[in-house]
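After this come two complexes, each holding subunit A, first together with subunit B and then together with subunit C.
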Partner chain A sequence: MRDKGRFARLFLPLGAYLVVTLVPFYWMLVFAFRPTGSTALVPWPATLDHFRTVWTDLGFAVFFRNSAIVALGTLVVVCVLGLMGGYALARFAFRGRRAFLLALLCSQFVPGAMVLIPLFLVFKATHLLNSLQGLVIADSAAQLPLAVILMSGFVRGIPVDLEEAAMVDGCGRLRAFFAVVLPQLRPALVAVGSFAFIGSWNNFLFALMFSGRQDKFTLPVGLSYTLGEFTVDFGALAAGGMVAAVPVVLVFAVIQRFLVQGLTAGAVKG
Partner chain B sequence: MSRATTIAVILACVLGLAGCGGGDADGKVTITFWDNNGGPGRTPVFQHLIAEFERAEPDIHVEYVGIPSSSVQQKYDTAIAGGATPDVGGVTTSYLSDLVGQDALAPLDDRLAGSPLRDKLLPSLVDDVRQAGGDHKLYELPSSANLDVIWYRKDWFAQAGLQPPSTWDELLADAARLTDRSANRYGYTVRGGAGSVFQLLSEAYSYSGQPSFFGADGTSTTAAPGNVDLVRRVAALYGKATPAADVNNGYTQMVAEFTGGSVAMMHHNLGSSGDLLKALGPDKVGAIPLPVGPSGKRTVVPNPTDGFAVFKAGEHQDAAWKFVQFLLSKDSNSYWNQQVGQIPANTDVYADAWLRADQPVEMALGVLRAKDTVLATAPFALPRFSPITKADSEPRYQKVLLGTLSANDFLHGLADELTAAERDWRSHKG
Partner chain C sequence: MSRARWTPYVLIAPTVLLMAVFVVYPVGSVAYYSLQHYDVTRSWANGFAGLDNFRQMLLHDPLFWQSLGFSARWVVVEVGLQLLLGLGLALIVNETFVGRGLARALVFSPWAVSGVLTTGIWILLYNPSTGVFQQLAAAGIGSPGTSVLGDPATVFPATVVAELWRGVPFFAILLLADLQGIPPDLYEAASVDGATRWQRFRMVTLPHLRDAIVLSTLLRAVWEFNNVDLLYTLTGGGPADQTTTLPLYVARKAVDAHDFGYGSALTTAGFVVLLFFSVLYLRLSKFDRR
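Up next is the complex of A and B:
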């Protein structure tokens, strides 16, 4: 009886939720592997034609490389600068700190499209259009405010006494930071880094607008090729979706334990 | 310090790797071409044509950039504001006036007058492009015409012993007869979501035979009695001879329903030809013109005309013009339109064998060139036309389909907005 009650209360709703969540992924799998024109509900007989189309004809090989470079670059920049900014906000009292925090928060309310033309002009003047460095900088600028806010919360959660104890033992501030604070910030870095990576991986607007060269586009731009003005290639769309989604899913699968730790730490102690 | 150094090295490596790439410094003139509808159907075709062009003009290198069609207008607008436009761009008449209004395009009248293409482009398309620019200059050379058609399942019609419809009465009756809801088969699909109202208007004008969108005094003809009648009759089909999900249909959903084998007839344009034929094959799919209404007049609302424009800010306008001329030459225009299934703009192509073998394109060309066909060109140059017929009207048409707004009220509201916008625009133009 107890098992039946548990099944009805826990597993039945969870199962229903999972079905609803996973149906779009199954749809993607079916369309990616079944031949064009097939109406089968299972991806069999399977074909790799759609993957060949997106990888070779549509240039996903290049887009994938670009996305990986831009997302990893953004991750590194955001983690390093986010760590520095977050530490400064958490540990130092300086004039304008609250106003600075408020400004960071407000920057999150500005849609990307509003800063598009000013950023475009800045990038043009600094010769950063049509380059992946430009995209790393644009994506980092978009991700950094949230990263700094989150990181300052995480740093504030680490007792300052620990750093002071290290300094009493002869460490400078920098050594105390690396020896005492940084190891405890590993979950926070995973959380901030994964947000930055995924935000950059999925960014369509900057990738399209700041690149005027086919070989500098990223995966979201490549995906939108499959939805034409009058035509839609569902097979290529699904195959491209899988190519774009699988790395993110794998990253999440590997880091999800740290991610939960990081978010919980920030929420409770911040 | 060593960790800080490590991080700095990683950062430098990533940014350094990001900078990989280079430009050609071989002395050639390089022009940039933006394809306004990049994707698996068109990109390989352009790449083939560019290779041919570069063989013919070895001193010119064309850099192809495919832009997703859904974002192309924003991409152009950003590039114009930032002063980084391409040399040549694919454009359509639906946003031509927007580009002309920003003074981004070079007029091509003089260049065309001195070109071998001078008398080769279909006059109705050239007129259409001139109208769409807003000041009757030629800012775009048309490459293709794209007409709305009714795609139908030949096999279903044969099984039911029916002939493809030639009038709206026949189409509506056939839609009811071909519906078998227990087998999840419907006679027709209605477009109720994105892009619904422009498509609905082309149906309404084909039914009513109204020859233009506005009267001489700027009054919209949208709410003409024939148009109201057609909208009422199509809305009455919804849910009975169409899937209930149609209220949210964009063209992707319609195409999915048609290729998935759940509808017998679909109103779309020649652009979906490749997808439909690839999925179902020419034995199962046919195309007919939009039927005529009680007046018997053949009135057609053409789709936006696709073509090429030369950007004013480009440094190599002569090279850009050479490329445009090449794309519109007989061989290129023939190859292009054969691959994408649209009507060629270069009239020399009309003798080509492929065109006679391509039933949808040949049929549509016949409609376009028939003497009794009236072209009711949509007012794409009217700045408010697109917002009024999309954001303002599409949700209201959904109410008509769901029975909470009458066809009469819907079309009169739409007509009032279009009339006000047209008169306002005329007063600004003087």
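Up next is the complex of A and C:
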């Protein structure tokens, strides 16, 4: 009797939700691996033709490389600057601290789409259009506020006594930081770095606006050129989608455990 | 000691610099450009415009009001449904059962997918020749050749569903974290007092989640208001500008038309909306008490 209730209450809706979540992914997989013209619902025998098409003919090898460079660059910049800013917020009382925190919170309300025009002009003036460095800077600026907020939460979670003990023992603050604090921040770096990587890997508008040359396209921009409801090569679209999806899905699998705590600490609680 | 006084400023300097260039300056300069004629494709006519752009926007541009209206509809429907479904999902994966870790990973996974990729996936599902409706029609459900994105009657629900697929996990993740913070004793006490499942939900769970629900709803409303990737690529704002939100209108003016002056005036209108949201957010998150 109890089990029956549990089935209707728990497993039925969960099962339905799983179907709705996973069918779209499966649909992409089917299109990516079955030959053009086939309508089979199981992609067997599988073909790699579509992957060959997107990787070499459509230039996804270049887009993938660009995306990887930009996302990894953003990851490094955001982790280093996020660590510095978060540590300052968590461990120092200084004039302007509240204003800084307020600016971080508010900047989450100023999104990419709204600042496209001035940013385009800044990039034009500084010759950062059509450069991967420019994208790293723009993506980092977009990811940094959340990273600083998250990081300060993580630093605050580490007892300050440990650092003070090390400093009493003759360590400078810098040495105490590297010896005592940094090792404990490894999960924080994984979480913050992964958010930055995913955010940058997925960023579309900046990449679309700031890179007009095909050799500087990232995956979302390249993918957007394969879209179109009626004229599209569905096999190529699906294969390109798989190429774009696999790295973020792998990163997602790694951070999944941290996700629930990490996102909450930053996004809502500030 | 004098060195230590400077330490925090040195540490936050790079972040402050980046935010000055990428947040403060753009917001300020949008106000400036909104008073200019600045169209890259009509550079001979550039110059001071006074309130021309705003007059044009408020009095002579039906698409401005239409996009504002659609933005409101989009945010209310999208965020409302995401909250309901996300709360349900969080309650389900908060229960104890075999395979819970895997179930969580799977239902949360669309969170990591980009707007453009979401579009790609749903175009595969929606396309009128080999999409999912074609398969259903072959099985005797519905009619073949349905183009849900091209039909003004179905484009709105079709777009909402695609964004729901990606957006529900956000609420589920945030609310799950808060659900885990409810002390089990509260439920036990309620059970001892003879509370039904519904009463326990209403008397224990909901009050505990209240702050998280309010703040994540607000934050999500801002994000959905600003959502451009998916709409830009899935519908392009069409058919007949039916799915054009205000930020999408701005992005199209900037990316496609390069009309920066008028685009800046539209952006200013967007900032007024966002200002309202952020004041509300700071109030409700009790920033002034920290």
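Throughout what follows, the second predicted complex is superposed on the first by the 233 of 270 C-alpha atoms of A that agree within 3 Å, B and C clash if a C-alpha of one lies under 4 Å from a C-alpha of the other, contacts with A are read in each partner's own complex, and residues count from 1 in each chain.
Assume a contact is a pair of C-beta atoms (placed from the backbone, for glycine too) under 8 Å apart; a residue touches a chain by one contact, two chains touch by 3 or more.
Every value quoted in this text rests on a predicted model; they were computed, and no experiment measured them.
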{"item": "Fit or clash - subunit C, subunit B, common subunit A", "value": "clash"}
{"item": "Which superposed partner A:L72 touches (first subunit B, second subunit C, both, neither)", "value": "first"}
{"item": "Partner chain(s) touched by A:A103 [first = subunit B, second = subunit C, both, neither]", "value": "second"}
{"item": "Which superposed partner A:M114 touches (first subunit B, second subunit C, both, neither)", "value": "second"}
{"item": "Partner chain in contact with A:G212 - subunit B first, subunit C second, else both or neither", "value": "first"}
{"item": "Touching partner for A:F178 - first (subunit B), second (subunit C), both, neither", "value": "first"}
{"item": "First (subunit B), second (subunit C), both or neither touched by A:F258", "value": "neither"}
{"item": "Partner chain(s) touched by A:T36 [first = subunit B, second = subunit C, both, neither]", "value": "first"}
{"item": "First, second, both or neither for A:V232, with subunit B first and subunit C second", "value": "both"}
{"item": "Subunit A residues touched by each partner, larger count belonging to subunit B or subunit C", "value": "C"}
{"item": "Footprint overlap on subunit A, where subunit B in one structure and subunit C in the other make contact", "value": "39, 113, 116-117, 120-121, 208-209, 224, 226-230, 232, 234"}
{"item": "For the subunit C and subunit A complex, residues of the former touching the latter", "value": "4-5, 7-9, 11-12, 14-16, 18-19, 21-23, 25-27, 29-30, 33, 88-89, 92-93, 95, 97, 103-117, 119-128, 130, 132, 135, 147, 149-150, 165, 173-174, 176-178, 180, 212, 215-216, 219, 222-223, 226, 228-229, 232-233, 247-248, 250-251, 254-255, 260, 263-264, 267, 270-271, 274, 277-278, 281-282, 285, 287, 290"}
{"item": "Complex interface listing, subunit A residues touching subunit B", "value": "36-37, 39, 53, 57-58, 69-70, 72-73, 76-77, 80, 113, 116-117, 120-121, 124, 129, 131-133, 135-136, 174, 178, 182, 208-209, 212-216, 221, 224-234, 236"}
{"item": "Of all residues in subunit A, those that touch subunit C in their complex", "value": "10-11, 13-14, 17-18, 20-25, 27-28, 31, 39, 41, 81-82, 84-85, 87-89, 92, 94, 97, 100-122, 137-138, 140-142, 144-145, 148, 173, 198, 201-205, 208-209, 220, 223-224, 226-230, 232, 234, 237-238, 240-241, 244-245, 248-249, 251-253, 256, 259-261, 263-264, 267-270"}
{"item": "Subunit B residues within the subunit A interface of the complex", "value": "1, 3-4, 7, 10-11, 14-15, 17-21, 32, 34, 37-44, 63-71, 74-75, 78-79, 81-84, 86, 146, 251-252, 255-256, 259-261, 268-272, 274-275, 278-281"}
